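Just passing along the structure, written as structure tokens.
As written, the chain order gives the labels A, B, C and D, with residue 1 at the start of each chain.
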Amino acid sequence: MQAKNSNTPIARREALEDRIEQLKRMMEIRLVEERIQKLFSDGYVRGSTHLANGQEAVAVGIARTIDPDDIVTCTYRGHSHALALGATPQGVLGEICGRTIGCAGGLGGSMHLVEPSVGLMPTAAIIGAGLPIACGAAIAAKARGTDRVAVAIFGDGSANIGAFHESLNFAAIQKLPVVFICENNLYGEYSRINLTTPIEDIAIRATSYAMPGVIVDGQDVDAVAAAMETAVARARAGDGPSLMEMKTYRYSGHSRSDPATYRLPGELDQWLKRDPINLFADKLVGEGSLDAGGVETLRTQMKAEVEGATQEVLAAPQPEMIEMLSHINAAGPGADRRVTFWDDRAGKR
Amino acid sequence: MAMMRMRQAVMKALDDALREDPTVIMMGEDIAAAGGPFKVTEGLLEIHGPQRVIDTPISEMAFMGAAVGAAVCGMKPVVEMMFIEFIGVALDQLTTQAATMRYLSRGRLTTPLVVRASAGAGQGFGCQHSQMLDHWFRGTPGLKVCVASGSRSVYGLLRSAIEDPDPVVVLEPRILYGERDDFDEPDTFRIPLGKAEVVREGNDATIVACGQMVRVAKKAAEQDGLDAEVIDLLTIWPWDRETILKSVRKTGRLVTVEEATAGSGWGGDIVATVSTELFGALKAPPLRITLPDAPVPYNGELEARYLPSPDYVAAQTASLVSKNRIPEPWWRKAS
Amino acid sequence: MAMMRMRQAVMKALDDALREDPTVIMMGEDIAAAGGPFKVTEGLLEIHGPQRVIDTPISEMAFMGAAVGAAVCGMKPVVEMMFIEFIGVALDQLTTQAATMRYLSRGRLTTPLVVRASAGAGQGFGCQHSQMLDHWFRGTPGLKVCVASGSRSVYGLLRSAIEDPDPVVVLEPRILYGERDDFDEPDTFRIPLGKAEVVREGNDATIVACGQMVRVAKKAAEQDGLDAEVIDLLTIWPWDRETILKSVRKTGRLVTVEEATAGSGWGGDIVATVSTELFGALKAPPLRITLPDAPVPYNGELEARYLPSPDYVAAQTASLVSKNRIPEPWWRKAS
Amino acid sequence: MQAKNSNTPIARREALEDRIEQLKRMMEIRLVEERIQKLFSDGYVRGSTHLANGQEAVAVGIARTIDPDDIVTCTYRGHSHALALGATPQGVLGEICGRTIGCAGGLGGSMHLVEPSVGLMPTAAIIGAGLPIACGAAIAAKARGTDRVAVAIFGDGSANIGAFHESLNFAAIQKLPVVFICENNLYGEYSRINLTTPIEDIAIRATSYAMPGVIVDGQDVDAVAAAMETAVARARAGDGPSLMEMKTYRYSGHSRSDPATYRLPGELDQWLKRDPINLFADKLVGEGSLDAGGVETLRTQMKAEVEGATQEVLAAPQPEMIEMLSHINAAGPGADRRVTFWDDRAGKR
């Protein structure tokens, strides 16, 4: 178990400067997702849950590029991003198990992770909802004279909803500092992209808004980070939004216990050959920062940490009844807890 | 008597409608190849083909609006909103377009379409996937709104809705999809839209409920010492004045059990109407049992408290019957 | 006393808010360079600049959602929905996203935003541009809903709404934009959200109204032989129980005048609450005066009949007071 | 005044086979719009009204290409299309004045013209609403085994609303027989296109849906018709939708008495030089089918007809009270009036 103070979201975020930590975070994401699947089978998870294993490089590549006070909107498939951005395994697993130590205090659940201290808005369960919200964060950043950017993360299927189109157009005409990131994992629920979308590359759609559209190898964390750096720099410089398409793949089904029988034959195997964690581990070994034994040591360490966090969560209390009545409007208790982004580091806890 | 899960009753209603009427088509996300996220449309693609059971992109506006256009042009589209919240990006097409088509064409163009949606709380789907939201539709001229309470009613309502010449919303409480109920009706079985059903007779109070709250109300009414009549509203707009007034005239007391906040629930209009029509004839003030004014919580213990339970409904009703005064809701005691 | 058109009072409220609070921004279609389709934002761009008074593409989802994001990040966005119907393509952002932000973050993130919209009938804009549609919002936990009735109230409500830490919808009856009213309030004038106002005292009945119906109710109450109290509801959710109950306790009779169908109007909840709270203390059954269950007609004679008029409200109220029985609505006599 | 039976929508539509009739229809549209402006000033028109003068070639070019039982969805700026498709001046002016002889019986008004007998759905007052509805009509056409097409007409500003994007994607993936027609008149309300849209040519957006995107000279009725023929043929053949961008210009302001002071200086004058009616009249003269005097004669004739129709409308009765309560649902009177498209010519009256 890490020392207490290194397990704050902000410390976890800052740790990502280190390449070994990036690898560890990708391992952590994978292990947390696998643990969630088991928690689901064991009846600890209510409703639904949407895993992102296979997509770890996208999450860590984004998180390592942007700053903790850049703003991120994301979806129900957001465990990976929450962890990458800095949310703790306790916060994520705790939320998914509905406990007080969850990042939304057990009120939100798997689809509604949140971590304001590292810029993560509550992840939205409605397709497309995060894109306009990111535009608004970008408007605020501009209006408040910061160079902060907003990042909207969504899936390939979400590129067919109206909010996608309206947001890209709006951001383009307003030259908003937004980076739109489509995680193209080839499926929206149980439908392969070719069944719902008449083009193969979502990035093409950038043309409709006169913004850069970039196709990125989403399995390669360095490629993700490099592409992000360009887009973020553009946004910070006031040159407007970009559309980034991260080609990736989800190893799990869409949600809960979906066996994903709709996959093309052999497709999963092909993608497993370019597993983002293995790719990055091999790279680090190649660079000489790790040896093969080191990778295994890390994996074992992360496994223990995730299991430790899980046990902490399972021992944590359920929320009090009053909690669900408290955060409706400013008349309720706790209305003074507001985090003010950017001008108030104290808000970051 | 045969037992059937509500999921299967939905499927049977759709299958029967598709079989009997070649103009019926279905549209929605993953309803065809995948058989639906709740498995209520399983097998329909194989039987009826991709021209009639249509998988759509994630584009609620497009397929809700397409249902309007197809309905005007002679089809009877049945649209699935996977979770009723999703119509929040497409409400215009239903309330502003579909519901005014007949009016703007003075009867020449009509929109016989059905929006089916899973709705309601109880399973930990969180606050953006657990609402009923019937108040978005209720009271829209030209639109009818129904809520199913189990296998029999979902079949009867869906068949009637699909045959109706005007747009109808049918809300299917998601929590009931897996529930097994008696089902022993022929394919010709219909529940007339606009009619409620007395599902339990009683003399001390009339409990009106719909959706999953019908079970809750029935269980409450079965508790010792209570002699309550339970009405399954079935169509919540326009609702059945006759059946409700008749019952309350007999019992002298009205209780509504609503899966809605007080500000948005259907009970306001019913209580208002009953208070007016039976002015002076009631033994006690009408009691609305609603949700607290809060989003649906994820945590299981919280969500169980959030929804009216049989014990709570029984206690509140018993208190009303014995004292002829309105008991406090739990959250006023709690906070 | 100074007179001011409601249009100017809206403009003054926005201008004052923009001046006093640098975090206030505005977004909407043609609100900046063109000064707004109803000229309620004229000159604001010139004074406050394009960073604060923002013209948007025709993209209600984008700018409604952008308001949510900007609000969370420290701004106080005021969004204009030109006609309230347009939110039918963007409702999700207001009710499902904005209204749950505080809850999902347990107070850490909040959305102090205002949606202003022109609303209501009377000017021949036809059935897709003449509704109030407050039922789409009412009862959503976390969201407040107000309706202005003239220059003074639009100013007071807008200023309060913009200062409120939570999302607020302010409906502006379009027909009143050109109406001149007394306006003699300082820039510090506010109407507290959630409070109604007694705008005319009386003893025989309490008429509750909002929006353009407040004028109708006042004119009705001024007719010979009537001694009615008139309450301007102002905030329709959450509504002011205290003021209404106090008045009805005094008069013994309640009349609501609603620019809504019976199935969707705010009167249901109020009548239900009053019937319950003042059970046994009312002299007559509560009377709801609503629109017929029909879309808003274009033709002028039809639209004039469609909306409750002062004469009609006076006649119905007089009938209630004299007979203590509910009179039939005009459409039941008509059809 | 024409003989009675030539003033039915279907007869008017069929008349468009003749090129002189096309010119007359364009003149009629112009004159009706001008007459409406005067009726508005004179207080006969309630609410708002949106003129399409300057855009006559688009309307007539479309109407002469498609068949009367193809389906059309359109917007509040629909007087031109209604007249071109066959709605009578009495039906259009009558509706705008709220009279019984109006095509919606006075219930709808200027924004809600309708003429089922020639395929015109009630025009929609909500931006974007007509596009998904056209997709639905196309689904019905396919399902019912006809080769009918649906045409959705909308403005340049409307290309920024979500429904545009969703509809084009949906139509493309389903290969629906739809023709999407953007009347790019350079303004959405009081905003020039460059202020709301980061690209100049809406047709570019077709790329996002792998469908043809065609830029058309909207001032030239023959160019409009030629482009439409290709798109309609494609749709009828089952090859899917097209996006047509008609470059055109509205001479009037957006609505009511908008003086359109936001126009670029000189822009109107430039466009007036390519007035669609003059262009076509000159062409017919050039072709020898008319001489200059003949054009003036036609104009005089059309003016008299439009004035005659206006007087007819002003003498026509207001609708009965019961009308507004009658068409709510099938329980009301008149529920048996339903027009069944395609299999029932009797429905066409």
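Following the convention adopted for this analysis, a residue touches a chain if its C-beta (ideal position, glycine included) is under 8 Å from a C-beta of that chain, and two chains touch if they have at least 3 such contacts.
For clarity, every value in this text was computed on a predicted model and none was experimentally measured.
Interface comparison, C-D against A-C: more C-beta pairs in contact at A-C. Most remote chain with respect to chain B, judged by CA-atom centres, is D. Taking each chain's centre as the mean of its C-alpha atoms, chain A lies 36 Å from chain B. Between chain A and chain C, the centres computed from C-alpha atoms are 40 Å apart. Centre-to-centre spacing of chain B and chain C amounts to 29 Å, using the average Cα coordinate of each chain. Chain contacts: chain C has residues 56-57, 59-61, 85, 88-89, 92, 96, 100, 103-104, 127-128, 141-142, 293-295 touching two or more partner chains. Counting partners per residue, chain D has 104, 107-108, 112, 124, 126, 128, 160-163, 166, 169-170, 173, 195-197, 323, 328 as the residues that reach two or more other chains. Those residues of chain C whose C-beta lies close enough to touch chain D in the complex are 29-30, 33-34, 37, 55-61, 85-86, 88-89, 123-129, 292-295, 297-303, 305-306, 331, 334-335. Partner chain B is touched in their complex by these residues of chain C: 61, 85, 88-92, 95-96, 99-100, 103-104, 127-128, 135-136, 138-142, 237-238, 260-265, 267-272, 275-277, 279, 282, 284-288, 293-295, 326. On the chain D side of its complex with chain A, the touching residues are 160-166, 169-170, 172-173, 195-199, 204-205, 207-211. Of all the residues in chain A, the ones that touch chain B in their complex are 45-48, 95, 98-99, 104, 106-112, 124-128, 157-158, 160-163, 188-191, 195-197, 262, 318-319, 321-325, 328. Put simply, chain A touches chain C in their complex at residues 71, 73, 104-105, 107-108, 112, 114, 116, 121-122, 124, 126, 128-129, 131-144, 150, 162-163, 166-167, 169-170, 173-174, 323, 326-330, 332, 334-343, 347.
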